[in-house]
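Heads up, the next two complexes both have subunit A, just with different partners, subunit B and then subunit C.
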Partner chain A sequence: MNSCPIAISKDFIAKNLIKLSLQNTHKINLIWLELAGCSGNIISLLNADNPDINYFLTNMISLKYNNSLMAAEGEKAYRQFLETLDTEFILVIEGAVSTKAQGLYDVVAKYNGQYVTGMEAAKLAGERAKHILAVGTCAAYGGISAAAPNPSESVSVSAFLKRDIINVPGCPVHPDWIIGTIAHLLVFGVPELDQKNRPVIFYSINIHDACPRRSFFDQRVFAEKLGEPFCMFKLGCRGPVTNTDCPIRRWNDTDNWPIGDNTPCIGCAREGFPDLMEPFIRY
Partner chain B sequence: MAKITVNPITRISGFLEIEVTVENNRIIDAKSSGMLFRGFEKMLKGRPPLDAVYFTERICGICSTAHSLAATLALEYALDIEPNENARMIRDFVHGCEFLQNHIRHFYQYTLPDYIKGPNIHPLINNYSVDLRLPPDRNDKLVQHYLESTKYSRLAHEMLAELAGKAPHNHGIFIGGVTVKMDADKWIKVRSILDSILSFVKDVMLEDVYTIARYYPDYFLNGSGYGNLLSYGLYNTYKDREAFYVNPGIFKNGTISSFDENMITENIKYAWYEADQIENKPTDEVEIEADRYKEKAYSWVKAPRYNDVPFEVGPLARMWISGIYNNGISTMDRTIARVLEVIKIAEIMQELLKRVELKPSGQRKYSVPDQAEGKGLIDTTRGGLGHWIDIKNQKINHYEIITPTSWNLSPRDTKLQRGPVEEALFCAEIKDIENPVEIGRIVRSFDPCVSCATH
Partner chain C sequence: MNIHNNNFSCQLSHITYRLSYYTKVFFSTPNPWEKMYYVNLISNELFWLNSLTQQLWEYFTEPNNTIEEKQFTLTELAKYTGANGTPAYAAVNGIVYDVSLEETWGGGSHFGLIAGKDLTNQFKSCHQAEAILNNLPVVGVLI
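So, the complex of A and B:
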């Protein structure tokens, strides 16, 4: 495999890898657990295209538990969660682990008359999952759920579960990052990870280095306000400290992305977001 | 007498518990409890005011555009900024994209599994389903549409991103309007997507909702609740009739009257919070502290009231107050109104596009005053959303958020009045207490977003 991350285009990851995964007839179970957050990462997953959500659910994995999508409700839903624990499964967690008041700031179910906190569900599934993916910035680093003064005492998944975790940050996560990472797990095993346990294929590019407005920076042509087509370094752009492939991948099957929309990158995929990334707009 | 607890209510955004007491197959008591709390109002204290736009949209992954707009309106009020008409039309178009995305997903992905036997795909396989009434051929057709619909909700977000950078959590809605420069390339792209979504809704979705209505006529008779409806207004700033939807208003005791935002309060008697005052106006600078162990409290959702009375908000409230849909107030009417609203909003979006000019965004460099107050009230996918901001020393001193689902999912208040969803459940018939499917169907007709409601 070519080690140059830019050469590994989205076509390669999103289509070729999936074609390979098709050859596996056995589909692994997957639990997508929403914890303390906005549940925006499952919404982002639904925006996936080539493969889309129907392909993902039909051909790649068997989604046994997810609060936003599953048909079952109440105890019957949670029973599906418990039954999956005895199988081989991938655990995807979005949202931070909220630890205040023994976890009661985030209750995900009631079973046999007892509350099941997000903490408890994360622990139960986290101890038994074959792989764990912390998707979105809240799961990967605490994110906005852990923003100061962190009223819910939220922590990242890796701070809570002491084991190997693949971080797939972003606020929200890009659907290609999550599906590509899962495709890698299915076909080639654990992808190459960087020091922050992020898949290198998606997070090795510095936004500032690959930014189409980089030449404006080099020539010192800076935007003085939002809405201008120049470098937004002086408006507080966090591209120089944030690594994702947004500059080449773009968003929602368009050529657009925050910088393309004439606004600064706010470092939403970076550790320390939002507290260390503010002010988002520097006037 | 039996107690039934459904937790989680799945196929909503966030975590919700519904507890009902049933006697002789009738619900005689109902409680709705929001189960997630993060504390956004506390987090916002001391932050740079302009950051509220991108910060507050992260309250919610499903309706983030709504929050970016309410925050922007509050800041525009505080900074005394008026966006130009062109930028406002683009912004209103972007907001419309969220309605299309939310409503299509809500009908197909969140509502339909209550009424049809889903496709043989996890997590849609539900071995416990009961009371599924569609004949196999009709059921199969709706299953097919369930799968097809994901394309159109995705396309709605594609339009949103084309103009506002990305979705969820857009960048393009900002103080002064938008940041995008509309050009012919973007214009024709969103125009063509919008046309394809509207075709799908008119040709497929509309028939689908009436198919459900035909097989479940009893759902026109339950889930009515108080019948008090409220809207902050939506698409009401344009003079042209074609681009107009609904003015702010309330419907109570059979009459529509004008809306006065000063009548809004929030009551915390049965919510997990402590404060010096149990009832507060959004502009009151009261320190509200979370207390998960507070006695008798049962939800993270506070209880908004209008003139001390609970009100339902959402698509049915808007369609009713605007006079477009007055068939009834019930579980099924809510669901039908939501689908009809997709058409109304898509047609307004077409009108906005006709009027949009290819001009620069008109952004300016804004300076934050030492002191200022602002408010942003607007109807969003699930109903009226309000943001109130108080700026001191160029920082956020106080921020208050009341979301649509706070109105709908509110717990009881000091007067022991039930919240609108609780009231909608009250008296409903539960045919089989082992499989109380009615609860989820009634609750989902409100399209709850608990991430928002508790924030």
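So, the complex of A and C:
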């Protein structure tokens, strides 16, 4: 039998390469903690494709705790969370950390008759996790949860935990960005990060530079109202200030993305979203 | 000659257009005779360009000719918000800049700020270097 995986069949090159790179890795436990957020990122994750959510859950990680996906509820679920803390695990946090009234604005569980706040859970798991991913704009920068006037006094995960955190912003985050970052953690360790601790592989491209309507901007052909197939810069497109690979990767299995669907980029993966990115549309 | 006259900039743009076209053809043709022909055309254009520069020089050396700076009051400035197809202007340190095509100013708004205002304080609180202002076209002064 040929030992070279590439020679077996060209049809399976990608699959074999994945197997080859994963053979020395083991499934790591993962806690997906939702704080002051909207569950948008976990729903976005369910839309993953190549690899899909099944592959992610069965071959890459062992999901120990997530309030939306796990079967256990109540104290039983929280006990599973506590048990996982003693193992090696990756912590994924979505949603900002609400700090007002000792975190009581965001309660994640009730255990032994006591409320467990999101702030407490984040601190508990944050101190022991091997890696922490702040997934979504709220977790990475405060985002919508911390938008003015910020009644719950929400802050970003990095501002709360004060340790090395990988920021994966986006509202919601693209499933590939999460799975890709976790895959990189499993196989190669921490990916190359930029100044804002975002993985360079996903956040180094400026949307405006890779935009399929860029030539309209260069020729100064601007859309005056929504629906026109030209550059939407004059309608308030935030592509020029936002760095993600949306124009190339696209969403819903590489079909949709805002500008492809005739609506301006609102800069959802940019620090300061939503306050600093408003108005989203300007006539 | 009036340098505000459209005719002047029109002539200039025609010359630059022809120059770039001739240069392109010059390099793309393998025929030496053709190359000579285009060299000749290019030197013709340079002659016209030279005469335009001459006119410009004469205009500016006359004592009463200066470009008038457009003066804006705050109420006038407030009309240029970038909405409804108006250009987006913003004032910093008393100088009014055109930010309509500045890439960080999509739709006349910039990280929560709206064009058509004196934004000196906001500028200073965010940007240390004033060099970035040099890239913006100046449209006038604030009075």
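The rule is short, and it goes like this: the second predicted complex is superposed on the first by the 258 of 283 C-alpha atoms of A that agree within 3 Å, B and C clash if a C-alpha of one lies under 4 Å from a C-alpha of the other, contacts with A are read in each partner's own complex, and residues count from 1 in each chain.
Going forward, a contact is a pair of C-beta atoms (placed from the backbone, for glycine too) under 8 Å apart; a residue touches a chain by one contact, two chains touch by 3 or more.
These numbers come from a predicted model, not from an experiment.
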In the superposed model, does subunit B or subunit C contact more residues of subunit A? B
Tell me the contact category for A:224 with respect to subunit B and subunit C: first, second, both or neither. both
Who does A:212 touch here: subunit B (first), subunit C (second), both, or neither? neither
Quick one: is A:237 in contact with subunit B, with subunit C, with both, or with neither? Answer first, second, both or neither. second
Classify the contacts of A:278 with the two partner chains as first (subunit B alone), second (subunit C alone), both, or neither. both
Output check: A:46 vs subunit B and subunit C. Expected answer is one of first, second, both, neither. What do you get? first
For A:105, is the partner it touches subunit B (first), subunit C (second), both, or none of the two (neither)? first
The shared contact residues of subunit A with subunit B and subunit C are 224, 278-279, 281, 283
List of subunit A residues in touch with subunit C within their complex: 208, 220, 224, 233-241, 264, 272, 275-279, 281-283
Footprint of subunit B on subunit A - complex, ascending: 34, 36-44, 46-49, 52-54, 57-58, 62-74, 76-78, 80, 98, 100-101, 104-110, 113, 144-145, 147-149, 151-152, 154, 171-172, 224-229, 251-254, 256-258, 260-263, 266, 268, 274, 278-281, 283
Name, in rising order, each residue of subunit C that touches subunit A in their complex. 82-85, 100-101, 103-104, 106-109, 111-112
Which subunit B residues qualify as touching subunit A in the complex? 5-15, 17, 35-39, 42-43, 47-48, 50-51, 54-55, 58-62, 64, 105, 109-110, 113, 118, 121-126, 128-129, 147, 150-151, 153-154, 157-158, 160-169, 171-172, 174, 179-181, 189, 290, 292-293, 300, 360-368, 440, 451
